[in-house]
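Across the two complexes that follow, subunit A remains constant while its partner is subunit B and subsequently subunit C.
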Partner chain A sequence: MSLELKRITKRVGAETTIHETSLVLEERSFNTLLGPTLAGKTTLMQLMAGLDRPTSGEIWFRGENVTGVPVQKRNVAMVYQQFINYPNFTVYENIASPLRVARMAAAEIDRRVMHAAELLRLTPMLKRRPAELSGGQQQRTAIARALVKDADLVLLDEPLANLDYKLREELRDELPRFFADRNCIVVYATTEPGEALLFGGNTATLHAGGITQFGETAALYRRPADLVTARVFSDPPINTAQVVKRGGEIRLGDFRLPVGQAAAGLPDGSYVIGIRPHHVTPSPVTANAAPIDGTVVIAELSGSESAVHFDIDGQTWVSQSPGIHPFEVGSVARLYVDMDHAMFFDLDHRRVEGAE
Partner chain B sequence: MRARYWVPTLYIVFLLLPIYWLLNMSFKTTNEILGGFSLWPHEFTLENYRVIFTDATWYNGYIASIQYVALNTVLSVAAALPAAYAFSRYRFLGDKHLFFWLLTNRMAPPAVFALPFYQLYSAVGLFDTPFAVALAHTLFNIPLAVWILEGFMSGVPKELDETAYVDGYSFWGFFIRIFIPTIAAGIGVACFFCFMFSWVELLLAKTLTAVDAKPIAALMTKTASTSGYQLGLLAAAGSLTLIPGAVVIYFVRNYIAKGFALGRV
Partner chain C sequence: MNKTVNQRAWWFVLPVVLLVAFNAVIPLMTVVNYSVQESFGSNMFFWSGVRWFEEVLRSERFHASLLRQLAFTAAILAIEVPLGLAIALAMPRRGPWVSVCLVLMALPLLIPWNVVGAMWNIMALPTIGLLSETLHALGFDYNYTREPGAAWFTVILMDVWHWTSLVVLLCYAGLVSIPDAYYQAAKIDGARPWAVFRYIQLPKLRYVLTIAILLRFMDSFMIYTEVVVLTGGGPGTATTFLSIDLVKTALGQFDLGPAAAMSLVYFLIILLMSWLFYTLMMRNQSR
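Moving on, here comes the complex of A and B:
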């Protein structure tokens, strides 16, 4: 009982937008599709919805092959990044629209619309038209329309991306609640790793038209199977460098770093390491935090956090730490790398150890 | 400070002067028009208008014109709606070339088509009917309507279409209940331009009609006869041709501004 993508691909003209992908989404689960723009999130959702047909492969839903079934015959709901509402309908009619098409009794429509409107705080706006609403209200109308339907599959395609910061935070907290007690599969696409972690559930990381890994969100964050997944699931981007392990020592260019707990058991040889920006700090955090020196390129100070971009061994690394640490652009800064949290990949970018 | 009012005032006076003169003449007798220069009618008369509204050969000209213009507007926009939708929503082989080719139809002088149309319409028995002129005018009005509508349709995100399908609408349900109201402004603008070009086009309208469907503008030539010009009558007929255009502009004036803002028109 689930949504199953079986070896699906999608080609548009000569271009392959989705490489062979298989995925099983469980009933009553919250799933995040995490990937940069153009990774294929929207295409994948259109295939799941039935708005588009895969070039090859099959889509099964609750034990039935629905590959060629048009979207009208499937019970799905979708919310887009753009605020999509019917401009000539009032908010009430916008929310009621899927129920009207399904020819539901007027009393039941009214009950559901009023309930959804209340949940999304749209009750005072029901008589207005979408153009007379703020962006947040427009998007809440679209979400309400997705809610009233009691869809089996709810697809949310970056629904918060076009909202301003405050509204985004607000809706981000509320969104999982709306779908919590429903018998549906929720798929949420986003470019932000932070959102995936916040929602929990499962995450599939996408890169260049393919799913790189799928699993429980927190586990995926801690144990990415390869460098691509680690990159997708890191914001700011993960710091990488090619290193040589020799005995108890890691050589990164001219720097000598301790091996740390994670890679203690690895054989000597060449590796690629990945270290998340918050494990590179202006002061040592653990005993295995080793100093490295780099030329500061950019220093970003937000209210409570410092992000420093610096050059080391020909690469730009980022350090992210709480508190204000003034760094001067162009100067040489000393930063400490927490080797206990380093991820080791082989030269084919596959994970070779399992750091927590 | 004064210049701010002088410039537009002068501009409007210059624009309106010929129209005033036409109206002025329509209320004069032909003798007064020919007799001398007068700024307003000294012998005010409605005789010219009475002739037009009582003589069937005159008022039928208006009816014929309005018939083929209305028919053409409906035909052009009805044909252009699906075409424009295809151009705005689908990518197909040669779509850009086809779109451009449609526009080039507008660039061809109507005279090129006059003779073939005359023979063809005569052969199928459409000669001297409003259908002949209406069909002939679709030649340049459909491309124009497609071009205008495509602009408006492309301004509507395709996610609106998808949302409607997700909600359960069929294609036609979506197209009629949601899409057409969404681009109502564009349809208004397209109708206006079809109306306007069909209303002012004379060459094809004249070639394809003889008696029954002769447009008013062509009928005006009958004010010249062996006994001289009936200038008052000509002016009255001319004044009346301004009215339908003015009415249509009044209804679509807000849409036109929107059309300009969207970069088409």
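Moving on, here comes the complex of A and C:
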């Protein structure tokens, strides 16, 4: 019982938008498609929904081949980045619209609409039209429309991207709860690694029209199989550099760094290391935190965090740490790299070893 | 905070003041001036109060042109708006044909108005015109210089040919701006094409349609050049619309007073009706 993409590809004209991709999404699971803009998230969702046909490959749902079965014949619901509602319907009529098209009995429609409105805190707004609602309420209406349908597959395409900060946080906390007790597969597309971690469940990282890795979210975050996945699943971007391991030390340009727990078992040779910004800090955190010096390019202070972009060995690295640490742009700063948390990749960017 | 007093800023306002003065205020006030005076010869003016206004509003000739004008405007709105919307809906949204369609649609709008009149004049000429020949071949007795009905048919056909494109382009712009997600959402709901039109496209096009109707209303109410070139307002007075009547009064008979009063009445009618249209349509919008 699942949604299965079997070696699907999608070409539009001469351009390949989805490279051969296979994926199995389990029943009652919450899945996040994580990737930058244009990575193919929306295309993949449209293929899953049946809004579009794959160029090759098959899509199976609950043991049935549904490749090419149009979306109307499948029980799918979708919520978009834009707030999509019927402009001259009231909130009630909007939520009821998919049920009315399906010619459900009025009493049952009423029961379902009231229940969904309750869950999404829309009850006082049922008589209003979308133009009279805030962005958050408009998107709640769209989500309610997806909920009442009792769809087998619910696709959420960056539904929070157009909301302002506070509403986004609020709805983000509530979202998994809406689908918690339902017999459906939820797919959520986002560009933000933070959202994937918050929702838990499973995550598929996308890059340039292909899934780079799929698995349990936390595990994927800790153990990305390659540098691309690590890059997609890191915000701010992960710091990388080519290094040489020789004996008991790692050489990064002119710096000599300790090997740390991560690379203890690796043979000598050239590697690419990846270090997440919060493992580069203004003061040493562990015994294997080694000092490096870099010229400060940008210093950003937010309410509770400091981010420093600095040049090291010709590359720009980012350090992210709690607290306010003022740095002067142009000055040389000393930062400490926690080598215990470094990820090591071979020169083909495949993960060879590394701690969590 | 200290505010510096600097009167030089007035210079920045001057160009606008001059423009509005010469463009609107001075001509309008000249007309108002004429409308309350009687003129003799070249430079003799006498105060006559609201006499011209009374005369114009009571004149059967004015009533007749106003009625003709209303009928014409109603006819072209009833044809051009649905037709323009239908063409816009039928146009492709993407692909190489988009630019071809857009250029074809824009062509009539680029032709000077008197040329449009001349073109249709030639098209409709009783002996050699393509239009008249076609209609004759189809068995119609068509002569627009003799039959008021034929003249009306030709004038309306010309206006539809000339101006439907404007409605098409406005509607098309409105349609293109509807995000794809709306159509997808409708598809997921299983909505039929009619429902997509009725509940997504039409509500989303309300603003553009309001603008299109308003523009077509005002322009058709002021129609002059094309009709003068095509029919000269005839046969008889069959196609003498308000502005043609106005010019005949002002220039043909040189009755400055009545012509001025008439143009003010004409101006107020357009203003009033545009305002009515706009408020009614916007009220519906917010309801």
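Rule of thumb we're sticking to: the second predicted complex is superposed on the first by the 355 of 356 C-alpha atoms of A that agree within 3 Å, B and C clash if a C-alpha of one lies under 4 Å from a C-alpha of the other, contacts with A are read in each partner's own complex, and residues count from 1 in each chain.
Following the convention adopted for this analysis, a contact is a pair of C-beta atoms (placed from the backbone, for glycine too) under 8 Å apart; a residue touches a chain by one contact, two chains touch by 3 or more.
This is a predicted model, so every value here is computed, not measured.
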Side-by-side fit of subunit B and subunit C on subunit A, or clash: clash
First (subunit B), second (subunit C), both or neither touched by A:Leu51: both
Touched partner set for A:Gly274, first subunit B, second subunit C, both or neither: neither
Which of subunit B and subunit C A:Val76 touches, first, second, both or neither: both
First, second, both or neither for A:Gly294, with subunit B first and subunit C second: neither
Subunit B versus subunit C as contact partner of A:Pro224, first or second or both or neither: neither
Contacts of A:Val101 with subunit B and subunit C, given as first, second, both or neither: both
First (subunit B), second (subunit C), both or neither touched by A:Pro159: neither
Shared subunit A surface residues [contacts with subunit B and with subunit C]: 46, 49, 51, 71-72, 76-78, 80, 82, 84, 86-89, 97-98, 101-102
Of subunit A, residues touching subunit B in the complex: 46, 49, 51, 70-72, 76-78, 80, 82, 84, 86-89, 97-98, 101-102, 142, 145, 149
Contact footprint of subunit A on subunit C as seen in their complex: 179, 181-182, 184-185, 187-191, 195, 199-200, 203-204
In the complex, subunit A residues that touch subunit C: 46, 49, 51, 71-72, 76-78, 80-82, 84, 86-89, 97-98, 101-102
Parts of subunit B lying in touch with subunit A, wherever the complex brings them together: 157, 159-160, 162-170, 173, 178, 181-182, 184
